[in-house]
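Order as written gives the chain letters A, B and C; numbering starts at 1 within each chain.
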């Protein structure tokens, strides 16, 4: 159950090379390739001739050529040509609107006629040289909503990520969740604490004393269909916390684009944008590696949770105050799903 | 189809460390851990908060703490506490009575109110320093009853274990099967034969000439739900066989605790207790390694047998006199199952 | 959906050693072994005693002995003997007529009473010392008919095998398909072209200049149930092409015996017979290795095609003129299947 008339991240821009890329999004097998103008196109990964995956083929002069018998597929799902054959009668395959933005290829898996670039989310920092981004991709066998739950309740950091970003004060400090239209925001502000190891590293990178007492914040923002952006940071205690002047703090935005592959698997695009030392590519790599290790700690938990839920379908889970972010996000999804299905 | 109101071996005692141990028994996902008093407890491997496996968590001060959001689970399946939340309304999970005995943790997967330590089987040698035990654990994809059949008809040794404990005389010597209440006993006595390689080794370890003519015995004892203990040994010919004085024989007891994991998979705890040189730990290790190799020879046979039976459900198998032990053991199980299901 | 009253290749003759060979053909689990006269026999891979695979047993004095409890199985599926037991009442298992010919063991998976050696296909070159054969076996997860389609439309060589036997002229030259009774023949004749790498190698092996202009031919011959023999070759241009004198050409026959394992998997026996330098075993090995690499290029395409078709059952494929060979072969199969099922 996922929204289809919306934009999902299909891949990182650098995944599109001179070869086609096959990827399933929302149960749709798609193939991505760069056309003659360098624009990424996406069509169903299915040759109308013999049913082979077009992603096993090649891209010649901006056209997708089937690797089995040379059928040439157009960006609109209509067969362009085939050696020795007329192709007017060929049944078209689906095509999927795409947009390349923020270093990602975005795809609209639903009705192409409804695709609206205006509905792309806006992210000010991706294209701003004052910010730097680093991230990666994980494949996880769980319902995409389990990952939203995970990200909207960061008390799990205390347990799953206890050696890096977790600390007891997350557990001990209540969060507040509000809904603004289709957005859900869960925030937590901790005051007068010591920074955990990951943030000590970030403080040093910001030329701050890593043993100083700090204020720490986590502001999780869900937007449909399944994006969670999290403003995170620490400031020297008493300098204003989240609102402190830049020289007193280390802060960044955790980026989570969750793309359903199937009903029970996801492509999880994770990353971080930061405003400190954006030109320091070694620091970008170091942060990405560190984040990659931390975020990999969630994988087994989520996959085993999914299996446990599958094996116990009758069992009702307990909803607590810390689950408010996930619960409200699911309500937004359900409301939009109902609207989409009634169209 | 297995008995649930009974004791099964869940694990070897040394498998319970300072971490929780997840293990499925009789289709029930369980987590085992040591409580504050050092006693092993078992509850359903399912956090009532979000459904994650509690076995991914940790044990703190004798309490099981969920690794996702810190829920503290009690030995009785009731939530003890959770940071920042009241837990009175939490739905409990199942708990399973356990006993630690004979170097194993035993679990009662059925109704906890019926759990009766008095129903634990008695094994005199496990806690007797005159005997030594060594053993291991195999996971096998077969119905637990196929393993009972295997162990109650040792003519298979002639074929499956032809280079170690098998010999043609097993095939050529009829066995006798009797039922005593819920116990089934199949015995075979061979006289005036040469010992096969494994028993030659045991004779040497008992300071007996390994080329001597011997009498050999095999006494397989099934007790519900799925334990098979086998008295095995050789004695110098004419010294009384099974009843010979200890100085004339080498003998031991093969221990087989078969625990259904699911309908078609088992945890197979195998081992051997012996009365000769019990203090010789190197000999214990040598025997365990030898037995481990021999018993691993059954795995492919049993797993492929299971697949063959699954693919040919209409095919009736042939029951022979050598199958009497397995057939009668299944009758005991069926009778007890009918009684259990009529409760 | 495959024909059963017909001969399939079960294995290469050298696969039958002194051990039994288990192999599934047309959804029937079979075990092959050499009887006392050195003749290969095949029976159901299922012991009538306990259901274990007989292929886990051994062959003793030309008899198949179950590896679990020593049951001796006869070539006709009747139990011969078992230590200590009367076997008259044992339910027989299926037996399958076999023939050893052309270096292969052939099996008739259907009604044994209908097995007719006269229905074996005739191949003049296998037993002719003027020809040499080399080949191998691949296991592929696809319906056997997808492999027939593949072999009856060689335009795929241009794309799948572009670096060895493919060239644009295959695509550009129309083929012609005819049906002769149960046989289907698709042929293509290219004139005045340059040889692709594999044929350059063959020209050198025939002492022909590999940069010469040539005529090239491909004559694909389907015979039921699923054999595809392909006459292939090149001749110096203007020397008569297919009909040219031997000294002007390099030619061979591609051998494809496709044996369904299950509805969606095959044993694919591929090879090549050639008339040039038949005594040169190093050349035989070189050609087999080269062909093995080339033919392995089809595997992923066919397996992914099968998955794509499974996931899109509603989607109708396009039938083109190049598909005539496969389409007509399927018609022959369908006609024979209807006849077989109406018996």
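Keep this in mind: a contact is a pair of C-beta atoms (placed from the backbone, for glycine too) under 8 Å apart; a residue touches a chain by one contact, two chains touch by 3 or more.
Everything numeric here is computed off the predicted structure, so don't read it as measured data.
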Same residues or different residues: which describes how chain A and chain B meet, taking over half shared numbers as same? different
Matching the CA atoms of chain A with those of chain C requires turning by an angle in degrees, to the nearest 5, of 120
What whole-number Å value describes the gap between the mean CA coordinates of chain A and chain B? 48
In chain C, which residues are in touch with two or more of the other chains? none
Give the list of chain C residues in touch with chain A in this complex. 149, 153, 155-156, 158-160, 171-172, 174, 300-301, 304-305, 308-309, 311-312, 315-318, 320-323
Quick check: in the complex, which residue numbers of chain C touch chain B? 29, 45-46, 48-53, 56-57, 65-70, 82-85, 89-91
